[in-house]
Structure formats: structure tokens, C-alpha cells
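Chain naming follows the written order as A, B, C, D, E, F, G, H, I and J, and within any one chain the residues start at number 1.
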Amino acid sequence: MEISEISKKLLDAKEEKGFTFADLAKKVNRSEIWTAALLYGQAQATKEEAQTLCAALGVGKDAEKFMTAFADKGLGPVVPTDPLIYRLYEIVQVYGYPFKSLVHEKFGDGIMSAVDFDMEVDCVKDPKGDRVKWTMTGKFLPYKKW
Amino acid sequence: MEISEISKKLLDAKEEKGFTFADLAKKVNRSEIWTAALLYGQAQATKEEAQTLCAALGVGKDAEKFMTAFADKGLGPVVPTDPLIYRLYEIVQVYGYPFKSLVHEKFGDGIMSAVDFDMEVDCVKDPKGDRVKWTMTGKFLPYKKW
Amino acid sequence: MEISEISKKLLDAKEEKGFTFADLAKKVNRSEIWTAALLYGQAQATKEEAQTLCAALGVGKDAEKFMTAFADKGLGPVVPTDPLIYRLYEIVQVYGYPFKSLVHEKFGDGIMSAVDFDMEVDCVKDPKGDRVKWTMTGKFLPYKKW
Amino acid sequence: MEISEISKKLLDAKEEKGFTFADLAKKVNRSEIWTAALLYGQAQATKEEAQTLCAALGVGKDAEKFMTAFADKGLGPVVPTDPLIYRLYEIVQVYGYPFKSLVHEKFGDGIMSAVDFDMEVDCVKDPKGDRVKWTMTGKFLPYKKW
Amino acid sequence: MEISEISKKLLDAKEEKGFTFADLAKKVNRSEIWTAALLYGQAQATKEEAQTLCAALGVGKDAEKFMTAFADKGLGPVVPTDPLIYRLYEIVQVYGYPFKSLVHEKFGDGIMSAVDFDMEVDCVKDPKGDRVKWTMTGKFLPYKKW
Amino acid sequence: MEISEISKKLLDAKEEKGFTFADLAKKVNRSEIWTAALLYGQAQATKEEAQTLCAALGVGKDAEKFMTAFADKGLGPVVPTDPLIYRLYEIVQVYGYPFKSLVHEKFGDGIMSAVDFDMEVDCVKDPKGDRVKWTMTGKFLPYKKW
Amino acid sequence: MEISEISKKLLDAKEEKGFTFADLAKKVNRSEIWTAALLYGQAQATKEEAQTLCAALGVGKDAEKFMTAFADKGLGPVVPTDPLIYRLYEIVQVYGYPFKSLVHEKFGDGIMSAVDFDMEVDCVKDPKGDRVKWTMTGKFLPYKKW
Amino acid sequence: MEISEISKKLLDAKEEKGFTFADLAKKVNRSEIWTAALLYGQAQATKEEAQTLCAALGVGKDAEKFMTAFADKGLGPVVPTDPLIYRLYEIVQVYGYPFKSLVHEKFGDGIMSAVDFDMEVDCVKDPKGDRVKWTMTGKFLPYKKW
Amino acid sequence: MEISEISKKLLDAKEEKGFTFADLAKKVNRSEIWTAALLYGQAQATKEEAQTLCAALGVGKDAEKFMTAFADKGLGPVVPTDPLIYRLYEIVQVYGYPFKSLVHEKFGDGIMSAVDFDMEVDCVKDPKGDRVKWTMTGKFLPYKKW
Amino acid sequence: MEISEISKKLLDAKEEKGFTFADLAKKVNRSEIWTAALLYGQAQATKEEAQTLCAALGVGKDAEKFMTAFADKGLGPVVPTDPLIYRLYEIVQVYGYPFKSLVHEKFGDGIMSAVDFDMEVDCVKDPKGDRVKWTMTGKFLPYKKW
């Protein structure tokens, strides 16, 4: 799936208005990353949230509809080609099984939800070079037995 | 690539000895996830670290060699089929571009290193169901211009 | 991933002993399909359940260990080639989006859990030809907003 | 294959008119999911059914033609990227062989038809969180021997 | 999936005993192609049929078990590389849609069953070069509406 | 490759004029399936045949050119997603090697031509449900030795 | 498909005995390339040819059987990784359509047979560097109309 | 990559003007196949050659630019679906390794260049059916050692 | 991902103005290859650099915006089909592991950065034929242990 | 293709003997990377070179044969999963087209040979972190016109 035209329009509007994701997030009392996900059509806003954001961005009805619709989620190629996004894929390739082992040890057989889930991206100042801090919490869901 | 026989032997030894990853990690003063990655052949130990761990696990020379070798990294199929590991892939699919946008906004054009990088997995107690907390920091690397 | 040797041994033992999945399921007070999933290494039993089943099947320690281990889940090729399993894949291809639309209409933006989940397979007698009845319930998980 | 423009128009019209799938289904005396499948071009209506639905949705001749045409069925990528639809694919990956084993045990060598087939999606109220109930019946077709 | 060792053994035994598929087929009162499919593990015999064929081929219990088991069907790569089998795939690629159009015109929306199905392969003498005649009949299954 | 716009126009014209493939085939003294293949751009007509058919269908010069051009053949995805066409693919997957064995036994090392080739689709009345009869003959081509 | 063990044994025997393909070819009055194809299991010899070659190579019954069997043809990955074989694939990628256009112009709609087909590989001396000459002739097969 | 619009225009112009590739080739003193490759954007003409051909074909500046540009080479799907082009791919699959063995025997470790390379397509009259003759010569390039 | 329309426009403008990449590079005091990467949307310029280049190329605001945007990097198919770019891929296939071994020997476990990275392409005059010289330096990044 | 057993044996022998690639390279008067490629079966040694290296490594006849054989070249998965080798692939993805443009500008239509080709890997000391220097020269090969 490709980034939609309406997403590109929203990102352009944000750029032109000079908003950060934090600016937009504050208007609807949400986090930066959720707000970014919304602009990419990967999250769903209430009507009020959509109206607030569309007003701020100066975009019309179609954008409001896009934000409140339920999306066909998932973006980009099977193996990401963009170097930044590929690094995330590489982390899954290299640390996926170690992660699974640790979750199993601490929680038992189950998964970390990617739906009852939140995520933050922060900048950690470091004299040797700033670091990106990526934090997620997802509810542990044990496999049901029946 | 598949999980190697030697990895399976190490994980079995850990199971039989009743060690947690934390137990093993403490012996070499490393984190749980790095230690787990080592057992999967995705990290490289010093000779001393390898000897300490192999002694604790009661495994022989080939395990020591495996831990100190430089590995052919990356595990599992292109799109993970294991539900727990797939959820991580799904996060990359759904939140990859929002993540990229935010990193760009906060840091400029560049990537989060997956090499100068660390990661923790914790359990966050929650009355509505415990949560898996997954935290990473990776050095931000700006694209060089020349 | 291929069906493991230990799974084949368990299925052969079941065949030779003349057990149905219902027979085995009754011994551990579980459903037929969960018990079948266990033999394929797609579910995890308690030690007691594993011991009961292994005794009944006349198989040894390695089978018991297999049943209590946490598995690397997911079986077979990306697109199933077996005609029976392909039909299930076809249902996802043909009815996936209609299903998604209906879940969205009835529940909102979220998913049906494949983890907090159960499933039954029954035979419905029909003079025009018996029918396979396949029933699942999975917890609805709404997308968290944060 | 991608969701067609005409499907999107029909889904938009449904949204704007405020119909549920149940509302539309009742007009033609069909089930919700069949009606949803029809709007996605995955089923075929009679001329009368198509006229009734198009009148209700306020759409024109092209929509009527679309509903009565025989479609090129199957939608979306080989491995679904949408988290909700992926969960269905995951069920096939994890429970496909157990399902096959059980069908074989109960019916013999054959398949569950995905053509002489019906399906329902219901909401099961549950204090711990509502559950999606997905029920299918498909005619068992034994392999012919000749 | 690859051709199994047991299949190769059966085909070798047939070769060494000098049987044609017609010879074997006659012993169990089946067609040549069904008998060939059985040796490749793509069909399922009754115990009596299996015993008759195994006795004729001079093969043991494991072959009998193989013939009566329910197989994981489907053989060879996604796109066949063998020139003879590729030609069949090519026919599907080139004539698939014309075939679909014609079935639709003659029968309505539905499929030709590949399960309630039979097939013959014959040699048609022709002075310009003999021709392979490939005939199939499969039950037409109309899409159920519900 | 996707079905071309010009093919869709021809199929629509046929639909609107109320022609069956048999009606069109008769006008040029060809078979139904060859005529269907022609409309999908998978066969090549003479100028006279094209003119006759285009006149009957009430379509213009571009359609005539399309029918007389040499096409880039092969239609649809690598593994068909349409259930009807998939069944044909499944037949190749399940019966490909048995078919090859039988051809080899009857003809020697070689192939059935998919070029010096013809095909018919018929309806066989059956009280238990009508059957689709699919018949092909292709010239046997022995591998040349040199 | 991978190069079989028996092929490797035959190629090793040829190496050790110091035969060129021309030496072997002469013994059975065939061309070099056909003989090479035979050793790779891509052609089929008569019993006499096989016996002559196996005697020369000093290999046993299994090699003779391999040479007279009908093979599952096609070798190596979908896109060749070996640089020499990739160059042939590249020629198909770059010159495939120009080749098709020219065949069409000279012969009409049809194909060059890869079965009623022969091929030679020669060395053309050239002061600027010797050249590989690759010549094939394949029977032109016009598409049948019916 | 798909055949470009400008290629289609050039091929149409050639068709309408009634030129063969040989006619066009003679105008610029090149071979038929190189000229065909040029029209498909797989070769690069000098300005003079392009002007001569564009004048003959009655096409404009954009065609001239297309012929003198350096192209992004390679056309069609990974595995060709067109039967004629597939036959060439099949030759690589079946005869690739035999070809490699022979080149190695005659020239040593290296490749046949696909760049310092030429190719001819001829019609060989034959009472049993005309044959396509396909001849290539490519410079042998030995692997450099350093 | 495909080469964007705006990239094609920039490359056309460069062609028409008769600039080399060196000419453009000098205007912004950058290297040729970085400047080429910028025109392909694979690097990011400052506002000043973009204005200088766009003025020189005579292109408008959209080009300036394209040059200063953060791109979705990575171009072309998974396995390159263009012969020149394929050769680079082949080098990775053939020399990737030897390269890894050498880096490991000289630097330890880690990677060569593709971000803190520069690259030059030069022509080395040689009487036997000029040579392309491709030089890269990338910072060595050792795997962090934690 | 996977790294062969014999390659692993050679790399182990090198490790145990404490040789660097430079040590081995000096013995046969070759470069480090060519010597590394030889151990991975991606280059071909003379008999003398092979004997010298095998003596030094203390390995037997099979290793000597491996080094002098002509290899089936190309190693690892289609898209590399190892992070170090992936970075090289990423360079091709990101800088492939800019590289092509520059080669074209400087040399005309053609390729950089990956066969008449050499490569060096060096360590460049740098106070901000050492850098990997990767240098290649490959003969420019202009497309022949004929």
C-alpha cells in the first residue's frame, strides 16, 4: 500500500502552517505519534478531534472524513527500503526471537498487543551524539485455552 | 535463516538449569536482552563472558566458540509467522512512517542506529492486565553530506 | 515452517492407538481443536496436561517437553497449497474486507483477537450433504488512543 | 487486486445514508455479510436485488451493473497488512493443520466448500469485553475417486 | 513441497516390476490418473485398495500407510519449472479468464469443483503427430446466497 | 498483467448486444473458447475475422487492431486469487506430476504443446448437479536429441 | 531445484577421467551441450547411450538409471545468482521483447520451441578477446486456431 | 518495468508505415534485433541514427530523445508470462548449468558478456516446419585475479 | 518505488541546460554523486542549496520543495533489472561475505555506516580500456553491548 | 545458496591457525579480498595457489579441489538479512541510479564490469571514529552496437 494523496496533503498543510506534531497533538490532547499515525491514515479520530485538526490545518471535508474513517492499515513494501524504517525491520529480524524468549519468561505464552498499545518517540541528549528513544507498552495477552 | 542447533542447545541448557535470562545476564554484567541475543547468535561476547556463561550452562567448547564468533545475523522468515514476532512487524508496518516523520521533525534527515543501540523489555503491572514495556535507544545518525 | 518430526510422531501414535481428538481432549478437559493444535505444536499445555496425554499416547519425555515448550507458531507455505487449507485462505481473500466492514460497524475500530480466542469444528447433518461448521469467538480489542 | 472505485462509492453512499449492512440486507432478504460482500464486488446479485439496493443507496446504472456482473474475486495483498484481516490469516497459519486434521477425522478426505458456504458475524456480549463471533458452514465435499 | 521418498520408492517399484499405471489401475478398478495421483500421495485409497497395490508392487507397511493417510496435497514450486508441467500452468495463465467467462455464461456465478472431479489422459493418434487429450469433468458449484 | 481496457469494452459490448460466445464464434467459424480468448487479447484473428466480430459488436478501429495484433500473453497474478481460476491452478498443483508420469508412460520424454493446442468447455447434464467438462488436445512434442 | 548428488558424481568422474564434453559426446554421437544436459539430468538417454557413457565414466547402475529416467527439469533459483547464468537471464530481460517482435514479423503469432530444439556453444577466436558463440534453432510453432 | 508509451507509439508507427525491422535497420546500417531493441528503449542510438529513424517513422522530438537517452533497461515480469518469452527463460532454466559447464571447459572461469554482445534472429527453412535460429556472440571475460 | 516525476523533470532540465553533475555540484560545493542523489530524491539539501540549484536548472518551487523534503528513500525493484545497477547487486551477492569477513577481521563486530558515508565515482584511464573507480568510506560502527 | 561446509572448514582453519587474510594473501601474492572470496568459493585459484594455501591451513585434498573448481557463485538471500551486508544492498538501493547517471555522463551507455574487476577494503584512521574504505575498479564496457 502506498501513502495516500490525502495523507500527503495533510503533511504538506502541516509543513506550510509550520506546526510540529506536538502542536497538533496538544490541540486534541493526544500524543505526537498517535497524531502522526492519524495523518498517515493509520488511526481513527472522533468527529470532534478531526474537526479541530482540520480547522487548524485549513483542510476541508474530505480530510475530516479521512480522519474519522476506519482505515485499511499497513504502509510500504513488504521489506522496507527506506533506511530509517528498515532499521526498525532489522531490529525485528535480529532481536525478534530474543524478545519473544524474554516475554515468554516473564509472562508465559502470549503476545504483546499491537492494538491495546501506545508508543512514544523522544530525543535523549547525549554528548557523544543524541539518541532516539523509542518506548512502547502493549498489553500482554495470554493465549486462551479452551 | 533458521535458529541454529547450538542455539537450541543453549536454550535447553538454560531451561534445565533453571536460569532466567536475568540470572545469566548478572553473571556477565549485561542486560537480559543482550544475553538472550547472545544465545541466539545475534551478539558477540568476549572470551571471558563466553567462558563464564558456558561454565554456568555446563556446555562445551563449541558453545564458547559460537558466542565469540561473528554471526551471520537476522533470523526467521521475511514476514514473521509467529504471532508474537509478527506483532512487532505489524508495528513497523503501521507506525513506521509516523515514526520516521517524528524522527525527522526532531532530529532532521537521518536514522536511529540499530547498532549503537540498546533495548530493554519490562513488565509493567496493571490491574487491567500487565503490560509489556519495550524501550530502545539508538544513536541518531544524520546523513553525511559531502 | 514445516510440520515437526515430533508432531508427526504424536499424530502417528494417536492413529495407532485409535484415539479421536475428542478422546484425547476429554482426558485433559479441553476442546478438540485446542488438543489438535497442541499436537501440532501450536499451543502450550501445562505439565499435568502434557503428562496425561503423553501417557495415553505412549510417548516419552521429548513429547512432554514439546507440549510444554513455547512454540515458534505458524505452519505451512505463505499461500497454502493444500486444497482444504487453501479454502480457508480463500475465505480470507474473498470475505476479509466484508468481515472487516461488519466488525467496524458493530464494534468500531479494532480487531478480533486471535489469542484470546477459541474455535470449534462441528459436523452439521444435512440431507443434501453434511456441512462443516466452523465457529470462532475472539475478544474484540479496540485500538487504544493515547 | 485493489478495492474498486465503484465499491468505494457504494460504501460512501451507505455511510452517508446512514445505513447499516443489516438495513441493506433486510431490503433484499439476505444476510449482512453477503450484502457486505456484494458491495465489495465479491458476490453477485439478481437484477431485482441490485435495483432495490441501488435505489436505496441512491446510486446509478453503473452500480447496478457492478452488482450483477460476475466478479474477478479476491481482494488485497497476498499476506494481508491490515491488522484485522491479518488476524484471520494468522488463524489459517496457526490453526489450519489442526482444522484439517479434525475435518479429516470427522468427515474423511475432502474439503469444506468455500462456495456452497455461508457466514455470520455476531457480537457476543461479555462483561470482560465483548467478543466477535464468526460462524461459517460450508458443505463437506469428499474427494471423488474414479 | 517436494516429492516424498515414499513416492519415489513406489514409482521405482512400478518401474522395476514393469507395470503401467493402467495395469495398477485395473487391479483396483480405478482410472490411470487417480492411481498415479495415489502414488504421488495426492489421493487416498481404502485399506483394501492399498493392500492390493502394495502386494503387486512388493512394498511394505509404510507404503500401505502412505496410501491410506490423508495427504498434505500440492506438489512442486509456485510456478512450475518443469517444462511439461509449466505448459499446464501456462494454459491457466492464457486461457483462465476465457474459461471463466465461458463457465459463467453457461452456468452462472460459481466454480468447477477440483474435488468432485475426475480426469483422463489419452493418446489421440494423428498422422501429423500424436496428440495428448486431457479431459476433466468437475461438478459445477453455484455460489450460495444467504 | 491486468485485463486491458479494450478487453473490458469488448466484453461489455458482447453483454449489451446479448451475444453468447457461441453466437460470436459462429460468425467466424471458430470455437467458443478461442473466441473468448480473442476478446481477452490472448489469440490473434485475421483481418476478416476481426472485421466481422467488430461489426457485430459495434466497436471501432482500435478493437479491430487489438484483435489482429500479436499480444503480450498471460493474464492475472502469479497465483490466481479468483476462486474459479484458482481451481485450475490447484489441478496443476495436485495432478501435475501424475499427469507428467502418465504422458511419459504413454508418449516418452516430451511435452503436450500449449500452442498447437485446442480446448473445449461443455456442460454435462447430471441429476446430482451439472458438470463442467473441460477437454484439451495438444500435440505431443518429443524432446529432440542432437 | 538443486543440482543432484548423482549429477555432481558424474561431473566429478568426468573431471577425474580427464574427459571433455566433446570426448563424451563423440562416444554416443551427440553434441557437447546435449551431453552436458544429460549429466545435469536435463535430458534423457537411451539405455545404450547410458551404458556407453557410464562405462566410460566408471560409474554404476544408479547413474545409468539417472540417465534414462525422465527428469523433473529446471535448475537453480528463479532469478539466477551465478554471474554467468545471470547474463543469459539478462539477455531474456533486455532482448526478450525485441526477439518476440522479430519472430512475429518473420513467422507470425507463435513461439520458438524449446523442445524440438538444439543448441551449440562455440569459441570464436578474436584478437580483441575470444568470443562465446551461442546458437540455437527451435521449430517455429504457430498458434493453432480452432 | 512495463513497455513504455513511447515504445508502443514507435511500434504502431512502424506498423502503419508498413516497415519491417530490416527496413529500418538498413536505414541506419544496423541489425534487425538492435533496431528492435532500440524501439523498446533497450539500446541507445546516436543523434543521427535517431533522426533518420524518427523521420522515417514520422514521429517527433520526444521519440528522438527517447532513442538517444540512456535507458533503465530490463522489461517484463521476473518470470515471463508470455509463452514465447517464457521459452527463452525455460532454456536458461534447463540449459543454464550445461552451458556454464561448457563455457568453463572451453574458456576457463569467466562469463559471456551481455554487453560486448550481438545477436541475430533468422528463419531456417525446413520441410518439417521452419525453424527459428537464434545466434549470439558475446566476448568471453575471464575473472580478474588481483 | 519508481523514479518520481519531479526527478525526471530535474534530470531533463540538467540535460537541456547542458550541465554535468560536476557543474551542478560546484555551485553548491558538494560532490557529484551527492548532487546526483539529490536529483533522484535520495538526499536532502538546505534551502540555500536548493535555491541555487533550482535557479541554475530553471525549475520552480515544487523542485525546491522536493530537494529540501525528507525523502522515502530506496529506488527500483528488489533485484535490479538494469544491467549496470545489477552489477552492483552482483558484487554484493558475490563479495558480500568476503567483505564482511575482512571488516570483522580489521574492525571487530559491527557495520560500515551507509549514513555517515560518502562515495566517489571516477574514470581511471587505462590503455586496455578505461576503468570505473568506485570509492566509498563509511564510519565503522561497533555493535554496542549493554 | 548457503555458505558451504568446506568454506566453514577453511574459515575455521584460518581462525585456529591465527592467520589474517593478509597473511594468506601474501603467500600467494594476491589481495586480501580475493583471498577471502576464494575461501568462500567465489573465486578460482590455480593448482599452485591452492596447494600453498591448503598446506598453510593444514587442510586436505577436498579443500584444494574446492579452490580450483569453478563455483556456482552468489551467496545468501535475495535481500541480505545480515546488517553489515544489508548496508551494501542499501547503498545499491539508494545510490544505484545516481551512480548509473554519473557513469553514463562520464563514459556513455555501458556498465562497470563485475568480472574484470578488483576491490580493496581498508581502515582509515579518524579521530571521530575509524572509517571503512571500500574501493573498486571495474573495466568500463560500452554497449556494442551491431
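Heads up, the rule we're going with is that contacts are C-beta pairs under 8 Å (C-beta built on N, C-alpha and C of every residue); 3 or more make two chains touch, one makes a residue touch a chain.
This structure is a prediction, so every number in the text was calculated from the model and none was measured.
By the touch criterion stated at the start, how many steps lie between chain C and chain F on the shortest route?
The fewest steps needed to get from chain C to chain F is 1.
Please work out the Cα centroid separation of chain H and chain J, and write it as a whole number of Å.
Centres of chain H and chain J (C-alpha means) sit 32 Å apart.
So what's the Cα centroid distance for chain C and chain D, whole Å?
A distance of 22 Å separates the two centres.
Centroid from C-alpha atoms only, then distance chain G to chain J, rounded to Å. What do you get?
A distance of 30 Å separates the two centres.
What whole-Å value do you get for the distance between chain D and chain J if each is reduced to the mean of its CA atoms?
Spacing between the chain centres: roughly 54 Å.
List, in ascending order, every residue of chain E touching at least 2 other chains.
3, 73-75, 78-84, 90, 93-94, 100, 110-111, 113-115, 117, 119, 141
Check the chains against each other and report every pair that touches.
A-B, A-C, A-D, A-I, A-J, B-C, B-D, B-I, B-J, C-D, C-E, C-F, D-E, D-F, E-F, E-G, E-H, F-G, F-H, G-H, G-I, G-J, H-I, H-J, I-J
Where on chain B is chain A touching in the complex?
Contact set of chain B toward chain A: 3, 11, 20-21, 32-33, 36-37, 39-40, 42, 73-76, 78-80, 82-85, 87-103, 105-107, 110-114, 117, 119, 121, 123-124, 126, 128-141.
In their complex, what parts of chain G are in touch with chain E?
Where chain G meets chain E, its residues are 1, 72-75, 78, 114-115.
For chain D, which residues are in contact with chain E within the complex?
Chain D residues touching chain E: 30-31, 34, 43-44, 70, 100, 104, 108-111, 113, 115-118, 141-146.
State the interface residues of chain J toward chain B in the complex, per the touch definition above.
These residues of chain J touch chain B: 3, 77, 79-84.
In their complex, what parts of chain A are in touch with chain J?
Touch residues, chain A against chain J: 79, 81, 83, 86, 90, 93-94.
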